[in-house]
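As written, the chains take the letters A, B, C, D and E, and residue 1 is the first residue of each chain.
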């Protein structure tokens, strides 16, 4: 009876990964030992480039992939050796993986049926979830007769009908077109508020990550680069990797040298004061750069290469000290089309990273 | 297509027309010949236009030959072949694709090899084996010396005998020992998204449930295609039913039809009746093709990948 | 007991056999025989072999003449004379016995549907072409053929060139061996000699005559088959088995007059006996006594004159016990056309005997028949000369004999 | 594939699932194959009275037998002519039917029909249709007597077999090739048209190269199919004649084994044929199979 | 020889469509008669929702699809009855449609080969183009061995190697991931500058349209909604359709009534003055709305529903007069999390559309 219970109802649970490792074959370690703690009810987005191990991580939590070493604890139970159905997790797949031969109802009820839940109860639960997801009218249709958004919702419905303690999503929105994607994002956020399951959401779309996550886990080759709130990750990236990965257009990264007093670009222009010495990488977001030379900080000279006018704002590409940087002009601001630009890098918006490791230098800049 | 040139379409149409004529010609002549009397055939030979004896000739096939009961045999053989092939193939393909087994490659190679050597090549020895299905086992017991052991214990060596010649089972079994179905299903299973498997496991389905709830319903078209194909192949078999069945009442209709010709030794073969027989014998598979051609095509498309 | 009997015939012969089986079952209640047709002599034999190997065979099987040696060496059959010692076996005519008996004179099988080669003519057509006398020699046959051709007849003489007809029966009645050691009767180390005897000349003649349009083969006829062509009136003369007489007579009814006589001889050759053809029945080894009893009863039944007469009447096969001719005579229908083959057939088989006209006792003989047909067909098609064909047939045939000898190394002819 | 996420890890269930089929092919495929090889080293008495081990002697004999080589040669000629026609004709038809014209719909249907007609039935029908006296060519024979004589002339008999085989082989190959052609994206044609290639040129530059996998498949299968179909056709049309002109190896094996009850000889030929087929198929895979493995 | 000439070299040409119509079958007219004039060397982007007829239009120009009526004139020649190869157009397909069995070199050289160009010349031309596209190293590879971006470039290379007068692109970037897409966009723009062929580029991605086009042709069910520069289209959409279609998040559209003096929202709040009377649709872009009530124009009260923080800026969703509107806050501006918002709709940023036809009311608003 216990099996049925976790299979079809569980409270939102903490997830602890301790030293979890994955190697598909002894040579290639996909995930080196990592430790993560996800709080019950939290919405965690796992973000990272393709092939970094996001899906692998998720599948280890789900029980679809064995851990090579380490422990996975869900709601206090060690689960790494349990079958998927015993872990109280549900999962939504990238291409939905709906059963094409079953109706929407049957798709959603399948796990309940396998768990041995009585027919009446099944119908009740599915009806409830369908209503919540606005699927009540298509319960008797097959997945092939649904729109992309509806399929998405069925996939989610199938997962949450089990009332799992943990909800796992593997790039569930990546097959949708932009509009639908936006709508589903909003729906997902609301859904999470309502059902409160601990949620792990894999994506490589930073927009999704920013808008959905309580915390974002950024993976790079199986290693955790940063695990923090979206705001912190955006405004205080822990490494060049994170800085470059989040934000579009991405943060500009320039090689700089410091002589104990000033931070200089490759061509000698001084960007800011600093007590440090050595080589570093300087980061600044395109939208933090002030054009026309009337912002805070020193004035830097750059040459305009081209501009892309996106309606709501423009992106300028400019040569600065031998690097190409991108500058986003806020909407409304019309820059004159002259080749020479005067730019300000507001000191409060500067990020300084170690030239070797790429990790951020905490509080390294005065001002 | 891009161009719509008239001359091109004309040439294409002409080719297709010739192709259809090639296919339909013999069928048409079969029908016309079947619709004339024996005497007409003796006088005129091949009939180019239809006559009025079709029904009469067909009636004679039913009353004067064993073809009716042989049609039943054909049907049983075809059905048995189709059903057994579908079931065994789906099971073995399922095991080879969805389980982590080290011997999967070897097993698949062993199965695939059966496609290369048609029954016609190995008919002599297949016949010998069919005449005693246990002969391989007996040989094995002898060679391994196990039989000496058995002889010591039981007093007599073990020698089992079971001839499947002249039985429906015997007619069907060697036809089923053919890997195409397994190959087809394996290809099909591999086109199914891997996430489907994962989803089912998340939903708590084990191997048996997964097979019955997910795989089988999804394989319906492949199943239908393989069923049609193996049914047709069972129906149209010639050599094996020819040797595997020793009595006319066990033989299949195709064999019976071929036998109609020499049966008439001393007279000019009754071609109108033979042709009427040919029509009757082909009618079930032809109807099947007409109805299920869609599945046939889909099934064959699959096998290409 | 319930017993099974396998045979290889088809068509009206099969009908007659079935009738006999039914008659047997109706005549007594102790035994029941199920008669199973196998489609042809060759297939029947192969099925018997496989069935025997799998210990799943009937007690009675009909085998054709060509399989005699294989069966004698098979160790799979019990000689009928051992099983039925009390039967008066010497009432069988010598011509039939010779083929199926051991060197010790013991009959191995009971002759059943016995045939021999006869000469058929369409008297009506011959007369139309001005031929009054039925030819008895090849010279006359060809003469008649020329006349027929001149009269516009498309197919004067027809044969299928079958080994049994053009080689075995021809050689036997002309007193020629086809292989040394008296066609193998004296040992497994025989060799073919067919390419050196007068048979070679005859076969070469056939090729010439065919070129001339006097002789036709199956494929040259509209009917596609020599008996069918003869029966349909397409061909005027044919050499054929007595077993097809009934069918021909029936086909001729009301249209043509048919004659059957002994097969033609070359002038200057003394006529010897023709061989018994068709098939005989063997009792298989290793069946229950009760089945053997049933088999005996059935064999006894078939041997009865009435049964033999019925078979003859229905098919043309020749009765082979001496008492049957008397019985026919007694029946008062002695001159009825339905018994036409009986007297002439027996007469043909009772012609003076030589050591080379007893029969054929050669290994893998069925395969040799195929070889002979293949090679001579090539000669008829002009791909090689007839002599070359026969030389090749001999070479290939000897090969078979040697292999047979080796396969049965150490086995003695019974 | 080795990952557990895609596979069940039960140990005995897969064995149980494969076992029935494996048992079946063990008994009805591998045992006969083994038996054939076994017998080819013995001289076997037909009634099982005894057998003598003769080593490679059977092989030596068969391989030095000109009949065997003639049959083998005829088999190859049949495979080459009949099989290539049975692929080429459907190929032409499929290329035609791939164009969207009125005729292509009925053609796609009609061309599949022979699949329902057994080889032996085709044989019976073709034997009659090509009968020199009453068949379709009878008028020709009336004007030029003897020009068409499949009962006498080996070549004519061979042609009849090939025509019948191609007739029966069209559907399967047609469907596979057509499926291949239809899986070529429309844009591929458009791209080639933009590049200036006309329909004729596209056949050779685009369509044929792209359906190589299908062509390969049909060739491999056609190979075994020609063996199967050949037997039924020979047995119903020519009986291997005239003069052995249509005795292919399959038929020879059958005749030697079943009519001549020469088990050792037939088995030896079977064994040789098997080795031949295996080598040929392997060669096909090696030489053809390797070249056509590109992604779309 | 003339055939060869247009097939492998042509000057940038005007394209004129006059009354061009397309109906695949008599019932469904995909493109009603349209007239368009594209100038030689111009980069035109055709933009529109899926199924609106973009590809059809392109294929009619290319000669891959017959026109049902009307004339197509390219470089002064009437071409609607000519074969594709005679029109001097080259095309890049959405899925590239590379010949998988040919090497990159053969793919690019194929049209030249068909046109009968000598081997040496072919090699020369292909080498030139390959160099320009950075493909020199992969000339002997098959398409299956290339990355997405490389395939894309081969497809382009195959088109431009013919030096066509007209270059047609059918959603060439839609299969690429975001990063690559951005890079290819830049490459394409540069390429066009270099070779100068008249270019028609089909997409349904407005970002592409905005950044690449000299002029954008917006199609809606085969009809031209607007054909103008990106700026004009963004800032002066000719219809509600265009307004909604361009911009992300899209322009807010609210039903308004005018009584001859004021323009009122559904709940009676006055947005602006107007001399008109009747029902209209009011449009305003999310980024044009000023929060905190300190911009130009009247203050409107709205209720915040939720906000999405995108790092560079935030998008607020708010209830206004029964409709949900989206407001984009410029980056840097932190709005307090209070449910009540005071918004300004600057009159200069308002768009007024006919309620029925959806066409813009020119100069309808004072201010």
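As a working rule, a residue touches a chain if its C-beta (ideal position, glycine included) is under 8 Å from a C-beta of that chain, and two chains touch if they have at least 3 such contacts.
No experiment lies behind these values; they were computed from the predicted model shown.
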Subunit D and subunit C - chains in contact with each: B
Path length in steps (a step moves to a chain that is touched) from subunit A to subunit C: 2
Chain whose mean Cα position lies farthest from subunit A: C
Per Cα centroids, the chain farthest from subunit E: C
Chain centre separation in whole Å, for subunit D relative to subunit B (CA means): 15
Between subunit C and subunit B, distance of the C-alpha-averaged centres to the nearest whole Å: 39
Centre-of-Cα separation between subunit E and subunit C, whole angstrom: 93
Distance from the mean Cα position of subunit D to that of subunit A, given in whole angstrom: 57
Junction residues of subunit E - those touching two or more other chains: 64, 83-84
Overlap residues in subunit D, where contacts from two or more other chains coincide: 2, 4-5, 131, 133-134, 190, 193, 257-258
Interface hub residues of subunit C, defined as touching at least two other chains: 43, 46, 53, 222, 224
Subunit A-facing residues of subunit B, complex: 193, 195-196, 198-205, 209, 213-214, 217-218, 220
Subunit C to subunit D touching residues, read off their complex: 42-43, 45-46, 49, 52-53, 70, 73-76, 217-222, 224, 364, 366-367, 370, 373-378, 380-381, 383, 396, 399, 403, 406-409
Subunit D residues within the subunit B interface of the complex: 2, 4-10, 13-15, 17-18, 20-22, 24-36, 39, 89, 92-93, 96-104, 106-107, 109-129, 131, 133-136, 138, 167, 170, 172, 175-176, 179-180, 183, 189-190, 193, 198-199, 213-214, 217, 221, 224-225, 227-228, 230-232, 235-236, 250, 253-254, 257-258, 263, 266-267, 270, 273-274, 277-278, 281
Touching residues on subunit A, where the partner in the complex is subunit B: 7, 59, 62-64, 83-85, 89-91, 93-102, 110-111, 114-115, 158-159
Residues of subunit A touching subunit E in the complex: 178, 182, 185-186, 189, 207, 210-211, 230-231, 234-235, 246-248, 285, 287, 306, 308-313, 328, 330-332
